[in-house]
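Two complexes come next, and they have one chain in common, subunit A, joined by subunit B in the first and subunit C in the second.
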Partner chain A sequence: MSVIEYDVIIIGAGVAGLTAGAWLSGQGLKVALVTAGEPTACLSTGCIDVCAKSDDPLQGIAHLPNDHPFHLVSSGTIRQALDDFQQIMAAMDMPYTGGLENNRRVLSAIGTFKTTCLTPVTMQASPQNGNERIHIITFAGLKDFYPGYIISRFKNASFSTYDAGVSTTMGIAANFEDDAFLEAFILWLEKQHNREDKIAVPAVLGLESAAAIIKQIEYRLERPVFEIPTIPPSMPGRRLFNGLKDHFRRKGGMIYWGWPVVGVEKTGRQIEAVMAQSQGRPNSLNARAFILATGSFVGGGLEAKRDTIVEKVFHLPVFVPGEREAWFDQDYFSMNHGIGRAGIAVDSSFRPTDCLWDNIFVCGAILAHTEALKNGCGHGFAIATGQAAAKSCLEHIQ
Partner chain B sequence: MIKTDVIIIGGGATGCGIARDLALRGIPHCLIEKGDYAAGATGACHGLLHSGGRYAVSDPIAAKECYDENMILRRIGEKCVEPTGGLFVRLPGDSKMYRERFLRSCDDIGIPTEIMSSTKALELVPNLNPDIEEAIKVPDCSIDPFRLCMLNIKTSEIKGGFSFTRHRVTEIVQSRGRCIGVKATDAATGDVKEIHGNIIVNASGAWTNLIARLAGCDVPITLSKGSLVITNHRLTDMVINRLRPSSDGDIIVPNEAVCLAGTTSLTVQDPDKITIQPAEVDTIIGEAGRMIPHFNQTRIIRAFSGVRPLLKSQKLDSREISRGFQIIDHQNGMYSIVGGKLTTFRLMAEKMVDTIMNAFNLKRACETAERPLDGQEELSGYPLSKRLADMKNIICECELVTRKDVERTIEQTGTRHVGDIQHRTRLGMGPCQGGFCTFRALGIMHDMNILTAEQSVQSLREFLQRRFRGIRCALWGDQLREEQLVEYIYLGILAMEKNK
Partner chain C sequence: MSYEHCIRCTICVENCPVFRVNPAFPGPKQAGPDAQRFRSDREKSADEWVLLCSQCKRCEMACPCGVEPAQIILRAQQKYGLEHPHTAAHLLFANNYYLSTLGSLTAPLANRFAATKIGKKIFQRMGIATYIPFPKFSFKTLRGTMKSRSRETRKVAFFYGCFINFYRPDIGRKIIRMLQSFKIDVVLPPQWCCGLPALGNGNLALARSFAGKNVASLSNYVDAGYDIVYTCTSCGLCLLHDYQGIMEIPGAKKIAENSYDLHEYVLKLIAETEIKPPFKEVNRTLAYHIPCHLRALEIGYPAANLMQLIPGLTCRILDDNCCGLNGSYGFKKINEVTALQLGGRVVSLIKKTGAEAIVADCGSCRMQLAGLSGMDAFDPVEILCESLGIKDKK
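What follows is the complex of A and B.
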């Protein structure tokens, strides 16, 4: 067994964990992150939803229910965290558009508008209403994108199909990283002689270089081009994850990839170490404080049993929204499913309430009462609570 | 207006079986179904082709019918029957007296049985509870009820019979006290078809009285709801029954890659308003888990219920009501056929058509027991190698359904309903329950100009709500995790809104 010492160990490589990790590394701490695998961020649109309850996201937060954990983060910290995020992503050549002044709209793959706060620059030109004249490009055999859904709501939309030689989201995105492929695509586009004001493309414009690729297409076609987020696998989600991950590493952070936590060592009111499994042998990762950012059910931080819900790393007490019958509403679209409230309740320093240990901090989607879908609190919430929990953690260590 | 001899209302196994029998005896007919084939109790059952063992003690006549039909269906329908064999297992505490009665009754009826030690039974089904006292082997089979209906209706199609799915009968046309036809509304277009015939057969199962009342008749039936759950894995290769009087959760049936377990039995009033309670799901899992302990850990992908139309009885427990069937002559040109089981559908159809032949004063013997079901040549089971060869165009990853399969089904049936594609290809039947592939299938239907873009979105919305009804009561563990992902995709990434 190997024993490795750190100041802080973060469990979970999603947006919350990477934000907390980068911030703490920036403060000069020795930080490691352990993760069982890819985070749900890779499945996401890459958009940064702060709060969709009102046009002004901060005002939306003010109107959230009293027990919502967003109230534990000061508006100063929210601003700082999102500014930091935008600077990080700009430095990684994946700039984000927007700001906390108001929410933006992003066209979805079924033609609805998704409300969000910051968007990848590749979605900057996304139309803000259904009257805009757009031309949609799709790819032969791409099974996760159907322009028909969008045309049902956009009377001024048309589409054409490009044969990329491959038909998966990842395959097409990889092709776009090749200059010759991009050039052929642009030449084809030019020959289409589309007259619409904007060009829409499913989000496959490159693995990492989407911002540069879209700039080039816009320059040649002399009109705005934007990406439409697709169902998983989602390139903008992967770009977001890769950007944050590389930034964390640049700051000196260490990532233990594919190391699920299998045990915990504790003394008195302190967690001493987490045991992570790798290549068949356990590793003891010791630290002075631990940040839990393992996400909700999809992320794997929570697991529902038939009659209860458990937190999988520390077995922290979980807020369970009543009996199983109450977890899901009868109406699928109600956005009011009790399960959205499940999670870990925390105090103002992001320590779990009724917890036996003093050095655990919790952030991101695993927090109780978040109701991420209903409130439109997504990555923005993860970024804000990630930085807030990291600050509390630093105070604790000092 | 369409003129025919016999009008069949209901496209379950009984109605489809009657259509096939009429076709083979050369009688013009027209079948009308308000949904898709097998949409009622036929498609919402275990998919068990009974050996008769289940009813041997309580209802020897029904048991004998089941056994005889089992033997016939294995012969004529090898592409929709899997001869798995079945075990009746006796758990510690289960009555030994019932075992004696069971063996004696099976013997009297002629159902072959083989008594097995628990060791021998565990060799056959390694997942069985090792604590079982013993097992009795019987010739149970698993049957695909959707495919069964399609193959029966195929014969009708070949012989020029009419059939209209997605058509709801709204009126029975009467003249001088006799039923002479029906009016049926096309759910897609709202168009009304008037169909005239000499005899009307009401084979609408749980909806029997809704139809009978259109002609001023009443049929004495009790509606009994049975709920089932589907697991993510095939935990047994044989049908597993509990060796005790019929009770909740005492049958497990393997079907393709999954298992079905159930049922419950609760009297209901309205077949269109049935819900499943979490307690029912827990009961089924608990009972099935006593026979196959893995049930307690295995992922449940869906729960569903069907409504049995049972002959009316004074008995309080609907489990004790006979599973036999009855033909009711309303003396006005309409007949209702009620009761029975999926296993005995062919026999029911034979007796019904015998009655019709008598009424027409025609003589031609039934051939349905001898002739193999039409259309089986086209089916080659589930050749994995074939499907994997077209990996690039796979639309449903759980069940390996390709874009071509979807396009072919649409071309062949002209359907506008994604549910019809599911019944014919198994699209969306796997662990994600259509979470990914239905979005794609509806996109393809729009590409093919079958649906307008608006209809695709509306169908998607309806599908999600329908799907949710089936999975809502079985959400925990990995299935809940998957459901949260699907919810995130539709309500988050795609920002799908409630119907305006």
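What follows is the complex of A and C.
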């Protein structure tokens, strides 16, 4: 028995689930999204990795192994999905720079360069090599950000420290939303008389107004300013999550927080409802179709037991890369852990293969053979498969 | 779930409103799972900062691993409360129910006192913040005025909560009229404060005594085929979660299984095609501030689903921020700055939407937001009643 009936229920509030949900809401369907908690996007740099295997992301995708699920998405849909994404984020005042023509580089907090496809506009001016002349600002007491790492890899870099009164990433970012705080910061910066070409700041320039804040600093200092992504808490990751979430809401989507799905109701080849144990009593929600976007191990969609791997919501068959010995590489930091390939195998309509039900679609990091880390296909892959699975789902409903 | 499942991702920290503005509070990760490793039952707790947690539960809603930092901190707060003398403000708010009973019996006097300079001074001396007006006591409480019996099919036992009873009985009467208009039989079972204020002020024993009496009373109604309907989201969370959880009240499971948020209940009746409310046009643009405890109930936002059915109504949902008041939390002097900063942020986001008025299910959120913004703040049921043409007749 359920309180309300939806056309589609999305499980998981990651980039994949939010993309699919917003797209379907945009088609006029009644969509709800249920989620256990916040997604891996909050832990990320906010940059959109499509495929880092080559300078040209589409070329990179073409060279992925044959069983990679990226091959199930047409290049037209990939283009459309990323275009849509850029428009959504621009409308949310968090524009993204870049395009599918070529990958970009972003300076990381340890001084290395990360290859990605789209970057938040706040990282647009990120240097492309170690010869650029940059001045780094850090904040008194801010943990986990040491300009020394970067300076040791740059020929011309220096740094200075600003006392923001608070020392946490969240606290500083919240302060930047205050005009008086921003003004004081800019005045201080002007007095530094830095001569370097660009100013670097760890990614704490505001919660939702970062794009406007950076523009104002650039205007006053008359030179490019860019953010350097930090380890979590990561503001650019949170802005990405917030942007997609608010967009989904504006399209009419409904979100159920604290809703870890623990069971399903089914009749014949149809899933009828998903169930959660919410405060005190079981709760269920009905829909005509379901999209599974619960992510991989970190997201919570997959769980490794002693000698098997399970999908936690529908108990779908999971592709498991051989015996447990094959799951992990000897080298801990290797990108070749077999377990990265574990996940749900799907057909060209994003339905799980060998599945007992007709109205389930799967997208995002939970798909088998994704290997997000190794192939550098994170959010970009989630966006593309999110839209592709949503399209398939719409066809099914019609 | 236990603290051992924490992967230290800091997602909870990013969601903690207090941590954002008060450097004295180490945040849910450190105050919760991290500190828990070192807490021992045999040692007296020395960390006074556990009291700075407002119990908004945002950390729990965000944690991807099912860790419950707020729950861990709540237990630490009770332990601290047991081992240290209570301040005047803590005692006062824990006993809010008795105070309110007194206040409403002497309403005109009590209100005048709370508004005077001397009254405010005394409040401040007791550690009570006075930046927004203390809620006005209502002379006639809901209990005192409503008796309703009309033998229909569905039977509801209405847990109205202290806020409605003492401060806004008019909303209580509207709720009853609305349910009756759906041909539902409504009764007001004997009831006491849910116990949350006592719990929030570190007084587990008092909370338990309230809870025990409520469970005994409500359980009779469940046995007689009544559904329990609550309207205060904090009461709801307490009934459903804390009675079974930290308070360990026998029989609480039965109450949890049969209690519904008012809007959840109306939606359920609509979905089961038992009723078809004739919603008429309401031309308003509203900002719907989601109370933290509605979010924590894990039932979605049923009032938003209902308001979607009202023609002409535009309603923007805002659920990323805590209003800062959290029942009695923001009324305490030590939390005044936190409450003001958080409230100010919510108000600025509301103003950005261009809405003409605010809706929120929780009376204390409405008090805070109306006080800080100068805008009207409604209970969603007031909007539903406007649409259904239901008025408060005394």
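A few notes on this one:
In the analysis below, the second predicted complex is superposed on the first by the 395 of 398 C-alpha atoms of A that agree within 3 Å, B and C clash if a C-alpha of one lies under 4 Å from a C-alpha of the other, contacts with A are read in each partner's own complex, and residues count from 1 in each chain.
Note that in this section a residue touches a chain if its C-beta (ideal position, glycine included) is under 8 Å from a C-beta of that chain, and two chains touch if they have at least 3 such contacts.
Everything numeric here is computed off the predicted structure, so don't read it as measured data.
Aligning the two structures on subunit A places subunit B and subunit C next to each other without any clash.
Of the two partner chains placed around the shared chain by superposition, subunit B is the only one that A:Asp144 touches, whereas subunit C remains out of contact. Between subunit B and subunit C, B contacts the larger number of subunit A residues. Shared-chain residue A:Pro232: touches subunit B and subunit C both. Once chain A of one complex is fitted onto chain A of the other, the partner contacts of A:Leu373 are limited to subunit B, with no touch recorded for subunit C.
By the touch criterion defined above, A:Glu5 lies against subunit C but remains apart from subunit B after alignment on the C-alpha atoms of chain A.
When the shared chain is aligned, subunit B comes close enough to touch A:Lys305, but subunit C does not. Applying the stated contact rule after C-alpha superposition, one finds that A:Arg281 touches subunit C and leaves subunit B untouched.
Seen from the C-alpha centre of subunit A, the directions to the centres of subunit B and subunit C diverge by 90°, a value given as a multiple of 10 for the model superposed on chain A. Once the two complexes are overlaid on the shared chain, A:Ile110 sits against subunit B while remaining clear of subunit C.
Once chain A of one complex is fitted onto chain A of the other, the partner contacts of A:Leu43 extend to both subunit B and subunit C.
Once both structures are fitted on chain A, no C-alpha atom of subunit B lies closer than 5 Å to one of subunit C.
Residues common to the contacts of subunit A with subunit B and with subunit C across the two structures: 43, 167, 232, 298, 300.
Within the complex, the subunit C residues that touch subunit A are 7, 9-11, 13-15, 19-21, 23, 27, 60-66, 237, 239-241, 244, 253, 256-257, 259, 264, 267-268, 271-272, 295-302, 304-305, 317, 320, 345. Against subunit B, in their complex, subunit A makes its touches with residues 43-45, 108-115, 141, 143-146, 148-149, 151-153, 167, 229-232, 234, 296-298, 300, 303-306, 324-325, 327-328, 330-335, 337, 339, 372-373, 378.
By the touch criterion given at the top, residues 1-5, 32, 36-39, 42-43, 166-168, 170-171, 174, 177, 232-233, 238, 242, 249, 254-260, 276, 278-281, 283, 298-300 of subunit A touch subunit C in their complex. Against subunit A, in their complex, subunit B makes its touches with residues 278, 282, 392-395, 403, 436, 439-440, 442-444, 446-447, 452-454, 456-457, 460-461, 464-465, 467-469, 472, 475-477, 480-481, 484-485, 487-489, 491-499.
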